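Shared chain: chain A. Partners: chain B in the first complex, chain C in the second.
This part shows the complex of A and B:
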């Protein structure tokens, strides 16, 4: 797994490529904890290059989402590949997260 | 020094004097600062010497030879030669003394290093070792203040130990350490050419890197040695650093062994919690053939399954997976299982939907605090009803294969327990006629990996279920474990694998 972070306006963007699972979760969890401590924190997780997610990875994203909500912020995910989208759909995480087709749409929603 | 030489070589001085007297001199003597140290013959004060020649040390005149009653060029040359010879002896004597002193110091240092090793051996943590290191280093080198740092490679917090509280600002100590770290070399202050400024209150400073496992992981800084320091002190401090390096390596090895043992104990405990809580006997329920089994991974996850039976009540079963590994996952699994179990057992008219909603309410706050969630599936079967009522909170994979149709993946109807404050679970109904098959498994099956890093995947799981459908519940479960094992090709199981297989039977 590789993670890249950048900032667009006041949105913190995280790109995860490769397998996102128990073994690769710690740096992502650490980054999310840091960025979601600011008030009204807005976070976008771009999963375009993510090939696999397991339950620990999902738990990390859920924790990030809850932390964002606690500070009146928001966390969105975008650009899910089919197998990853299937996991979100099967486990109904599509009800918990705002999922966007691409970064542009996600940013529009986050910035409005 | 000259006096020492005179007393140890008295006979030779006397021989020189005798030779002068034999040549016609009335007296011969050695003088320092105008006062006689020794003279021949006794009683002659050499008040009016006829020739004198200087004895030097490092080109400085420190004494002189005096002769009375004789003069001339020959006598002058001879006296000069005598003085030069004595000067040379003096120099040799001096070197000998220095060498002896060095030898004694080096013996002392070896003894101290041995003591240092003994002292440091008694300490069990890196923190204590650093404390001992600083104290012993100060005692051995006569520096007045010191610090030691350690930066573990496992991401734990760095350590800084000081001999006297706040002699160095923490920032200053770290700045000095990172300097030795990046140069992989000693730092000596004051040094006008170094980019490292001499901190306030520091007259002189020696900092050395400490190598651990092939890289700089620690360091020591010593300051304010009265009279400064030179090569012997630098050598000694390096030797102390080497001792510290060996000791830190030993300690890390010990710590790792300890951590591994602890992890093994924790995992054993978690595995016992998990296995002991699973139902020992599978219930027999009219109208269905059922089988369930769970296999914890080496790094135990949080899988569970459970059957709740009561006199005159429908059979309820649950299966779930708590995120995380080890003892914490086992603990949260116990909570989730108990929450579901007690609702299913004590609610007057339990339905899967009500059980799930209540359990989510019970667990939401705690789960949010620790940042986990649990996927769960709750099914309810009234014997003879030929239908299964279920609620699915974020659980996958769940596969249903009607006896006369293709297998399908059942999507959860709400998110997992602990994600949203209110569960949107709804009761769903499945037909359970003879041959209809329901398989609720955990992601330990679909996420199983082979040596090429490919996952077993849900598609393969669906095909497998389709293929196994004609068999009995027990045979289906056994074949599923076997197939996933074969796919793994000897690779360690990454996650727990748990399943419940229910097949409609003729009642």
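This part shows the complex of A and C:
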């Protein structure tokens, strides 16, 4: 797994490549904890290059979302591959997260 | 390729998260042997995820607190031609587990725990678990 972070305006963006699972979650969880501590934190997790997401990774994203909501911020995800999107649907997390087809649409929503 | 005989892969992995990608690779390679599957990409992903969740349960719960460092997961992947199905068997020697007492996650609200067993049960046709002294056994079956 490789993670890249950057900032666009006031949105913290995380790109995850490869497997996002129990083995690779710790640096993502640490980053999310750090960026979601600020008031009105806006976070975008780009999963375009994420090939595998397990239940621990889902839980990590849910934790990030809840932390964002506590500080009146938001966490969105974008560019999910089809099998990953199906797992969001199966767990109904597609209802909990704002999911966008690509980064452009996600940023439009987060910045508005 | 149409399968004439059962195809079997056996793995004996250290019970560590770092090695679980090997299991995913084997499942993908095994399922590449068959044709006539409606959605190969989804099937492969779902089988990889179900098997991975069983393994993370073993590492995180059965072997939680284990000190030896030589804990293993013994895995058998079998692709049967008639009726065509994938069977994933896993053995561990850790603490036994009672899947019946694990509550299903509330799907009305996002959860931080509890999706692992839910995913296994929803992605496979049957999921069974038995525990005898020193041998815990998961069997996951998907009809193809």
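One rule holds in what follows: the second predicted complex is superposed on the first by the 112 of 112 C-alpha atoms of A that agree within 3 Å, B and C clash if a C-alpha of one lies under 4 Å from a C-alpha of the other, contacts with A are read in each partner's own complex, and residues count from 1 in each chain.
As a working rule, contacts are C-beta pairs under 8 Å (C-beta built on N, C-alpha and C of every residue); 3 or more make two chains touch, one makes a residue touch a chain.
Everything numeric here is computed off the predicted structure, so don't read it as measured data.
For the composite obtained by overlaying on chain A, chain B and chain C cannot both be accommodated without a clash.
After overlaying the two complexes on the shared chain, residue contacts for A:63 are found with chain B and with chain C alike. In the superposed pair of complexes, A:89 makes contact with chain B only, with no contact to chain C. When the shared chain is aligned, no partner comes close enough to touch A:34: not chain B, not chain C. Judged by the touch definition given at the top, the superposed model places A:22 against both chain B and chain C. Of the two partner chains placed by superposition, chain B and chain C are both touched by A:55. In the overlay built on the shared chain, the residue A:108 is in contact with neither chain B nor chain C. None of the stretches 128-136, 272-280 or 380-388 of chain B clash with chain C in the superposition except 272-280.
Overlaid on A, the two complexes show chain B and chain C touching the same residues of chain A, namely 22, 52, 54-56, 58-59, 62-63, 66, 83, 86-87, 90-93, 96.
Taken in their complex, chain C has these residues touching chain A: 17-18, 20-21, 24, 41-42, 45-46, 48-49, 52-53, 56, 59-60, 105, 107-113, 115-116, 118-119, 122-123. Looking at the complex, you find that chain A touches chain B at residues 22, 52, 54-56, 58-60, 62-63, 66, 83, 86-87, 89-93, 95-96. Note for the complex: chain B touches chain A at residues 321, 323-325, 368, 371-373, 375, 394-397, 409, 411-416, 419-420, 424, 443, 447, 455, 457-458, 494-495.
Taken in their complex, chain A has these residues touching chain C: 19, 21-23, 52, 54-56, 58-59, 62-63, 65-66, 82-84, 86-87, 90-93, 96-97.
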